[in-house]
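A, B and C are the chain letters, set down in written order, and residue numbers restart from 1 in every chain.
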Amino acid sequence: MSAPPSTFEEEGSHPLKRFWELGPAGWDRTLTSPFVLIPFFILAALVPLALQFVEDNSAWIGAQFWTLILANCAMFACLAVALNLVVGYAGLLNLGFIAFFGIGTYAYALVASDQIHQHYPLWAAVLVVIVITLAFALVVGVPALRLRGDYLAIVTLGFGLIMRNLIIELDRPPVLAGHQIGPDSLNLTGGTNGIHGVAPFNLPTRLPLLGEVPHYRMYYWIFVGFLALSIYAMLRWRHTRTGRAWVAIREDELAARAMGVNTFKYRLLAFSTSAVMAGIVGMIDAAFLFNAFPSPNFDVQTTVMVFIMMILGGLGSLPGAILGAIAFTVPPFLLQKFVLYKYLVISVLLIAVMVLRPEGLLGTVSIRPRRTFGGTLELLSTESAAEEGEPPPVSTADAAKIEAASGEIVTPEEKT
Amino acid sequence: MSDRNAVLQIRGLTRRFGGLTAVDHFDVDVNQGEIVSLVGPNGAGKTTVFNLISGVLKPTSGSIRLQDAELVGRPAHRITHLGVARTFQNIRVFPQLTVRENILLGTHHWTRSGMLGSVTFWPSTIRAERAAQAEVDTAIDLFRERLQPRLEDPAFALSYANRRRTEIARALAARPKLLLLDEPAAGMNPYERIEIAGLIRAMRDRGLTIFLIEHHMPLVMEISDRVVVMDHGVKIAEGLPKEVHSNPRVVEAYLGRRAASA
Amino acid sequence: MAYFLQQLVNGLEVGSLYALIALGYTLIYGILELLNFAHGDVFMVGAFLGAGVAALLVHNEVAAIPGGLVVGLMLLLAMAGAGGLGVGIERVAYRPLRNANRLAPLITAIGVSLFLESAVQVWVSPAPVLVPSNALVPQFNLGLGSVETPLTGALLFVIAIGLMVVLDVFIFRTRFGSAMRATAQDREAATFMGIDVDRVIMVTFFVASALAGLGGVLFGLRYANIDFFMGYLLGIKAFTAAVIGGIGNIRGAMVGGLLLGVFESLTAGFISTQFTDTFVFLALIAVLLIRPQGLFGQPLTDRA
């Protein structure tokens, strides 16, 4: 699977030049090899220590701030990877994606704060988050995934709105047709204020060798760890039966069904796995920021932001998702003055990328030539064109026999 | 109709689209190890029959039995699981997947490996993946010199004929009892047609039962054990290639009434 | 009973607005099979164009322009502007992707929607804007017994219904309308019949967006408050209306819009104002599950 194509290799050319010549699909393949990913994650884990060192030995006091930015990067990279599973692999347009992240933050906040006076141990909280996001994913997915693709988009968009509506309105007991459900004091979500005072994970703050670990750095490591885990899982899935089935459904649903793929089951699997991944990221975020907010945790703008991260890097590309997350997290932090223009710039970039290069930077999924495939435009490389011309390995005697039997008139010139 | 070892048994198969009856009380048997061709003019309902067998369409009435199992009413993926694999008239390989991955998709229904297994390198998953990879080798055996060098290339970069070969290899990897080939030689040049003829025979010699739709009559005459002729959704003739060839109703269906009576 | 009738009237008002926007969704979906997420935001831009015209003419007081004329100008300019915007969106964002995988234009559409929202937020106003409705339209209520509606509400209803009738005639009685229907049925075949498909699509976008712009102005006159985010929720509700009526079906969109408006108003009046939006989307999901082709749509056959 990982054998690099050697056809274009020139003797003695520079490795970087060879890398450049691989093209986007090749870059993606190279960047997803363990030889790149493992050092990358080790390096990523060491960055805050380097920042700490710089801070301790110089007058620069921005180290903590940078760790915060990087933690945000890692969080968005996790989300982009999870979105890649449902959109890039399975081809399902989930526009309510960020709602699952939001559900994760609230699910954790409810069992780790004074909102409803529950303080679960970490393992139980993780379980609660997984079960709740999964339940929501099934409630949306089971009806919506039986429908055609466009409807999934609108149902998930509507779902995101419902969730926002519920979160904002459930700071008081619901009243239905004049009947109040629950006691007057019922306040599940804190309304527009959100839930505050969420407890962080109960983790040791001192680690051997490292000494005191600041909050930001700890959560940066947790995000990076979850990112590494997600990418590992995604790569494993992509190269085994489940992932192949997802991509096959994306490519050609009918052919996938004809190969025995239960399309509904695999769609639901992709949809809910991605939702649970987003939910866990939400949980980490709630513990990281000590709160859960309706905005931006349920904002459709946030969904669009994760979309542009994924699409800029390339649909289906995991290194692309990381690149996209960095590209759209760091600048807004550094350009706080222009924060008003954030979504304007993001939307223009999204449109530009889609129109000019829908495959993204490292895209493996071309979403352009669907109609022309197998039709007018033949994507013949010079190799396959040459291969066309060469006669098949059938003996002339065989040929003569068949031609004779079929009664087709073939002149000897044509045969050779 | 012979009753020895019928793999596929279709009785009274009917499918209507609104007012149009595309397939009308169609009966056919395909026996173990046979190559049966389904021919007929354009729009006769041949591909509809295939779509009904493979579960892409639901019949209005009738029965389709694969050995002992009734296929009518089952979803397409269950039918594949029971042992029917097919190719499509307009080739449907997965363009962004490599040739190898395309063929691996064929093994999907008979291998068992889940998401947890693949993440944890669970032994049963490893075994399943290894079996699937081994099946790729077996499946491309018949296309060795054609597909072997292109195994890691995405399917969209293949030539037309190689896409066709990939699609057939994918169907073979599904280890079907019954293989449905929808115009395997369409768009092929004479050399490739000869190759396809040899291929179909080779597949039969491996023990497969083959039901195919084909327009190229010389090829049909050459390879078929039996030929079934359809016109306007109705079976109008069935028999050995030679018998069918001289059947006046068949000539009429193909050439029109005047030519037949002349 | 009077309460019920009042809710019904309110529902018909909102419903006619939904219907106007649903028409745009249905027209565009019918021809391009594209879910134009930006359509609700075109409606919002229309409302702002109308408000801009009103602000210029009312506050300048160069000459005492009669309110009716101002409203006419608002409608005209907003329709032209929104229509032009729609054509521009199609040209820039959708045409390059017309033959792409279905996912691509949907993602672009979401981008266009966000662009329009943030453009208005950044360049016009992040806060709600007041439309000087009371300076333009006489403020009295039309009433029948205890059931009342302001003149602007009646105006909204009457203009919306009137334009829908005009549109219906345009599509089912004119040559260009039949070209549109042909394109909707089979774009390729329409090309072979000598229909300029690009022109049909352009006109469709213009008409759909102009209707949305008109809806925006009427909304501004009726409810006086407009903001950059209002098109988003309203757009999705209008899409819901289009789905209820059967997407691609023009008369279905009208009926679906009115039905949804009444449903929403009755839900708010009798069950809960807290969760109206939730109920609307539950209705959408219910319709999709029970009758995905909508009330008037043809059963959808999967592409085989």
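The rule we apply is simple: contacts are C-beta pairs under 8 Å (C-beta built on N, C-alpha and C of every residue); 3 or more make two chains touch, one makes a residue touch a chain.
Quick caveat: nothing in here was measured; it's all calculated off a predicted structure.
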Among all other chains, pick the one whose mean CA position is farthest from the mean CA position of chain A. B
Taking the mean of all protein CA atoms as the centre, name the chain whose own CA mean is closest to it. A
For chain A and chain C, let me know how many angstrom lie between their CA-based centres, rounded off. 33
Calculate how many whole Å lie between the centre of chain B and the centre of chain C, each centre taken as the average of the chain's C-alpha atoms. 49
Taking each chain's centre as the mean of its CA atoms, chain A sits from chain B at a distance in Å of 37
Which parts of chain B, given as residue numbers and ranges, touch two or more other chains? 56
Residues in chain A with touches to at least two other chains are numbered 254, 369
Two or more other chains touching the same residue: where does that happen in chain C? 304
Taking the complex as given, what residues does chain C use to touch chain A? 33, 35, 37, 92-93, 96-97, 99-104, 106-108, 110-112, 114-115, 117-119, 121-122, 126, 232-233, 236, 239-240, 243, 270-272, 274-275, 277-278, 281-282, 284-285, 288-289, 292, 300, 302, 304
Would you pull the chain A residues touching chain C in the complex into a rising list? 87, 91, 93, 95, 143-144, 146-151, 153-155, 157-159, 161-162, 165-166, 169, 174-177, 254, 300-301, 304, 307-308, 311, 340-344, 346-348, 350-351, 354-355, 358, 367-372
Hey, which residues of chain B end up touching chain A in the complex? 54-56, 75-77, 80-81, 85-86, 88, 90-97, 100-101, 104-111, 113-115, 117-119, 125, 128-129, 132, 145-146, 150, 152, 154, 156-163, 170, 174, 190-192, 194-195, 197-198, 217-219, 221-222
Once bound in the complex, which stretches of chain A touch chain B? 1, 3, 5, 25, 232-233, 236-237, 239-242, 244-245, 247-248, 251-252, 254-263, 269, 273, 364-366, 369, 373-374, 378-381, 384-385, 387-388, 391-394, 398-399, 402, 405-408, 410, 414
